[in-house]
Amino acid sequence: MSGIVVINPNSNPAVTAGFDEALGPLRRPGAPAIVCETLAEGPFGIETQAHVDGVAIPLARLVASRPEADAFVIACYSDPGLFVCREATAKPVFGIAECGLLTAMARGQRFGVIAIARRSIARHIRYMRQMGIIDRLANERPLDMSVAETASGEGALARMISVGTELRDRDGADVIVMGCAGMARHRRALEAALGVPVIDPVQAAVTMALGAVAFA
Amino acid sequence: MSGIVVINPNSNPAVTAGFDEALGPLRRPGAPAIVCETLAEGPFGIETQAHVDGVAIPLARLVASRPEADAFVIACYSDPGLFVCREATAKPVFGIAECGLLTAMARGQRFGVIAIARRSIARHIRYMRQMGIIDRLANERPLDMSVAETASGEGALARMISVGTELRDRDGADVIVMGCAGMARHRRALEAALGVPVIDPVQAAVTMALGAVAFA
Amino acid sequence: MSGIVVINPNSNPAVTAGFDEALGPLRRPGAPAIVCETLAEGPFGIETQAHVDGVAIPLARLVASRPEADAFVIACYSDPGLFVCREATAKPVFGIAECGLLTAMARGQRFGVIAIARRSIARHIRYMRQMGIIDRLANERPLDMSVAETASGEGALARMISVGTELRDRDGADVIVMGCAGMARHRRALEAALGVPVIDPVQAAVTMALGAVAFA
Amino acid sequence: MSGIVVINPNSNPAVTAGFDEALGPLRRPGAPAIVCETLAEGPFGIETQAHVDGVAIPLARLVASRPEADAFVIACYSDPGLFVCREATAKPVFGIAECGLLTAMARGQRFGVIAIARRSIARHIRYMRQMGIIDRLANERPLDMSVAETASGEGALARMISVGTELRDRDGADVIVMGCAGMARHRRALEAALGVPVIDPVQAAVTMALGAVAFA
Amino acid sequence: MSGIVVINPNSNPAVTAGFDEALGPLRRPGAPAIVCETLAEGPFGIETQAHVDGVAIPLARLVASRPEADAFVIACYSDPGLFVCREATAKPVFGIAECGLLTAMARGQRFGVIAIARRSIARHIRYMRQMGIIDRLANERPLDMSVAETASGEGALARMISVGTELRDRDGADVIVMGCAGMARHRRALEAALGVPVIDPVQAAVTMALGAVAFA
Amino acid sequence: MSGIVVINPNSNPAVTAGFDEALGPLRRPGAPAIVCETLAEGPFGIETQAHVDGVAIPLARLVASRPEADAFVIACYSDPGLFVCREATAKPVFGIAECGLLTAMARGQRFGVIAIARRSIARHIRYMRQMGIIDRLANERPLDMSVAETASGEGALARMISVGTELRDRDGADVIVMGCAGMARHRRALEAALGVPVIDPVQAAVTMALGAVAFA
């Protein structure tokens, strides 16, 4: 089936369902289809480097098995398997961390990143160096919450507002990147509370994929 | 009228018409409208720094006069007036140089830029330093053609292929950015000839604008 | 008339008079004349991006209308119109932000910048990235005062000393740049209080202009 | 068994035997043992991103299965699995690309890298950006030979001398890194021919591992 | 006499004796000898720029007078005379600051540096910029102790743990460099207390020298 | 005696006399005196790292022996002893390489440097990295002439024009720095031939010193 295949590298279908629903506004008659899938082989959450590296080859296999797709999005903020997936297909492959950060650079001068866990930050900073954009980083700060807590209601939003406020006021961020595939439901409220653009990385990546497909 | 307003800062309606037509694939029922306008006060081409700086305030005025618009795109590869337009509205404003380069960074490791004129290159390099992305630049090379020649037929394409081949083979670029708002008609043929992604910056910026509006 | 033309892009003659007087030590018999002018079209203060961009073309016109001048200085810490003025004349044109920062780099390892307003900082940081010198920035901190307050007496100096002390002790700055054309009267006292070099950007730029003219 | 475990991620035992023999000078009575192993699951050569990503988890498993080892070296110039291996053990884990480049930085001002294949260069450059050392890169140039050809006799050396000479004379490199685990036998001859230090990355990494173990 | 000559540029024999003893684990039968010397002309401590520059030529003379040596290490964290010593001999010369920092980059993503004195920090930062590695610096913080105090017992260690904890928790360092030649005795205890790798720069440099000699 | 003391670190009085004469345009009634001195202990030319490091302490002694001076300039393009001289006096001390490069950054976007000897280039590049300005370097190219040849007549100028043309046309430099204290006599002719600003570093540094003294 043609269109954009968005792959959740973890095996938690609730996460997939969450961003699937949030992508509604990009679904239009005649526009490329947007199909969200859950990687069967994925762990329940991508929390460690082993999780990141463990899904690379399964992702590439999944990508290679969809020759009719027009573009792919890897929907995990560590961009697992991004380069091997690009090797596995001639179609464009987008990573949500890469696209989230690049999109933020079109909205502000210095981005702040909200991470779920403190231990992911070193990996993310390494990735921003790899991207050659570290001079645009204001800071990355963790929620220090579990993924489950993050996906929940008001407590999660309150914590995001608190961390986002620090990024804005202490670190000088004028745009915020949500460092997780499962935070979309809080985007609008967070943006309203902070008064600066807030980027959901899945939405950013699927948008870029849509453009690549539209003009292919 | 709501939707995305794409402004051609030069007063050449043929350029506006060119990218207007090329944006067709993003126009879908229910999707944000995409309206292309020509800046009445603009010079016939944006070739000098005086042209760039001369349209900044007129662009901001135009932006401020469209309170019902959802997003704006400044469709000139020098991103004239980008920051003053952002001050003139609370809506997102995108520059095609910025978005073209950022989109290229999601498709390859080192981008090459095709400039029309040699004398624009120093300005572009200054801008890439400002964006903090200079480590991703493979090289920028000029066509050494007039804008009129560039917009024309096979001769222009042949020259683009020649310059693009140098960027790819001598400079190591694995993605190419077309450094002009009026090159869209050659994008597919250039990409086919070079075998690496070729980014049209108007398409890249309108895509990002579409995402910003869709998820607002 | 030959010599160095120093242009205050805002229309506040008190600011012009302030730096005019402070430039006395560079006026010597036989040395290039230093003439300070106020841009008639300028706003009363350069506080917004619209102010910055709005004076660019008027500045270029003024520069172009002085063919007999030997060099120009744009005396506003946002360096408005610097590049278009350079295009408008074959004579050297200096911006005070550029020259203030470069001069600081000859006096210390990491510079701190005192801004008047918090909202200018993002613009200044963008400019330091454009200059390719962001690795030398210790920090920029705002006075959070109006221009009028800054130009006044002891209260302004006390606030500058407070902000300068934070730049020196918390941020590690060993040289301070005054981020405004109207702070010259406080330079010596601030330097004495802080014990590190303090650079007035108008003085820095006129000095460089003097050299360019002397050796032309 | 205690000591340093050097793992060849490809399953070509000749490569393992080659660097095993070349490591002789670091084997001393009382010094940490140096044990070279071949990853059973590895492909015959690491040439693609799929090869790189495919060995990450097997490498981590191997590392985790050697609790008595004192340090590990991943002996492939793409540093496959480096970060997941570091997560799999509390012992130090070294990558030969990382150590080869860092060691070169202690011997010269700008390093040149000899790659086997042209298509690896983008990946290597991405990695040097990730390391934050791209300002020290003179250039990377490919041998455009197969791994088998590289490991062979005089033809390989002659080609290395040719490429190394270009790195030194055209690109300004004053130290050369051999971008492969299987080039050790040519190191001395290449260094003699070029007159600048030539770094074998396996030797560089095992040296660092030796120090880490000696002082643990 | 052949082997590695480690030179203490200050004339305090207790410092020399300290690292001489700490280098024991690298001394093995058949391995290159490691000979530690004290520079007779050195000041009692290297604390000022005059101290640093004053020992450069004496160090080069000492290096030139040992034609039979196989490699040299300059054992002062300011790397005095490193480049002139490299000119004075064809043998490899290593500086402990350079090697300590490079070795840290093989153990963590962002290094923190413990300086003895606050006034050395600007010099060290200048040096890290020179090395092109400033993007890997988390922070450098001073002990604010005298060298004598640093070399002593538990009080020094307690202060190092306190400063190291700030580097780890406030600044995000995941590896620590001891910014002095005389701290080796505290390395293990500091590493145990902090839970991240701690690099002694003399040990790092002599390790690299050992590798260079072993494979010469 | 008060004023600016310009020190030639080599003992060739012809070089001192050359820039002394060229500084005439900065000497004005009432302006700070400009006194040029030759370092007695200096070698006849500063060509090696040993020359650079060998004059550092003598320069600092000379600086310390002039308490009545208002500022100092070290007139050798390697900026020998710059930091130790700054420690030896509370007065400003300027290096001609530093000031030449910074002044170039106020005149163009990417500077090219003309070196006398090829072997100085690695040292100069290291210094530009230390200054944090390497992103502004277009290229540095050598004359491959002796200092004596450089100081001479038309042959030297012709070679400078040839190298400057390569810097401008191949490397994209839009401003040229003369990488030697003894090239002043060719500045105007070179600038006229190349059509881009040419910076003499002694003139740049003495200009900055003049400003520092005028406003002290």
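Worth pointing out:
As written, the chains take the letters A, B, C, D, E and F, and residue 1 is the first residue of each chain.
Methods note: a contact is a pair of C-beta atoms (placed from the backbone, for glycine too) under 8 Å apart; a residue touches a chain by one contact, two chains touch by 3 or more.
These numbers were taken from a predicted model, which means no experiment stands behind them.
With contact taken as defined at the outset, subunit D and subunit F are each touched by B, E.
The chains touching subunit D as well as subunit E are A, F. Counting C-beta pairs in contact, the pair that comes out ahead of the other among A-D and A-B is A-B.
Under half of the residue numbers found at the subunit C and subunit E interface occur in both copies, marking it as a different-residue contact. Centroid distances from subunit E, each centroid being the mean of CA atoms, peak for B. Ranking all chains by how far their C-alpha centres lie from the centre of subunit A, first place goes to F. Chain centres here are Cα averages; for subunit A and subunit E they lie 42 Å apart.
The centroid of the Cα atoms in subunit C and the matching centroid in subunit F are 26 Å apart. Looking at subunit E, residues 126, 129, 131-132, 134-135 sit in touch with two or more other chains.
Pairs of chains meeting the touch criterion: A-B, A-C, A-D, A-E, B-C, B-D, B-F, C-E, C-F, D-E, D-F, E-F.
Residues of subunit E touching subunit F in their complex: 48-50, 52-54, 56-57, 60, 81, 83-84, 86-88, 123, 126-127, 129-132, 134. Looking at the complex, you find that subunit F touches subunit D at residues 121-122, 125-126, 129, 134. Per the touch definition, subunit A reaches subunit C in the complex via residues 108-110, 135, 172, 174. Those residues of subunit F that touch subunit C in the complex are listed here as 22, 25-26, 28-31, 92, 94-95, 98-99, 102-103, 105-107, 131-133, 135-136, 187, 197, 200, 203-204, 206-208, 210-212, 214-215.
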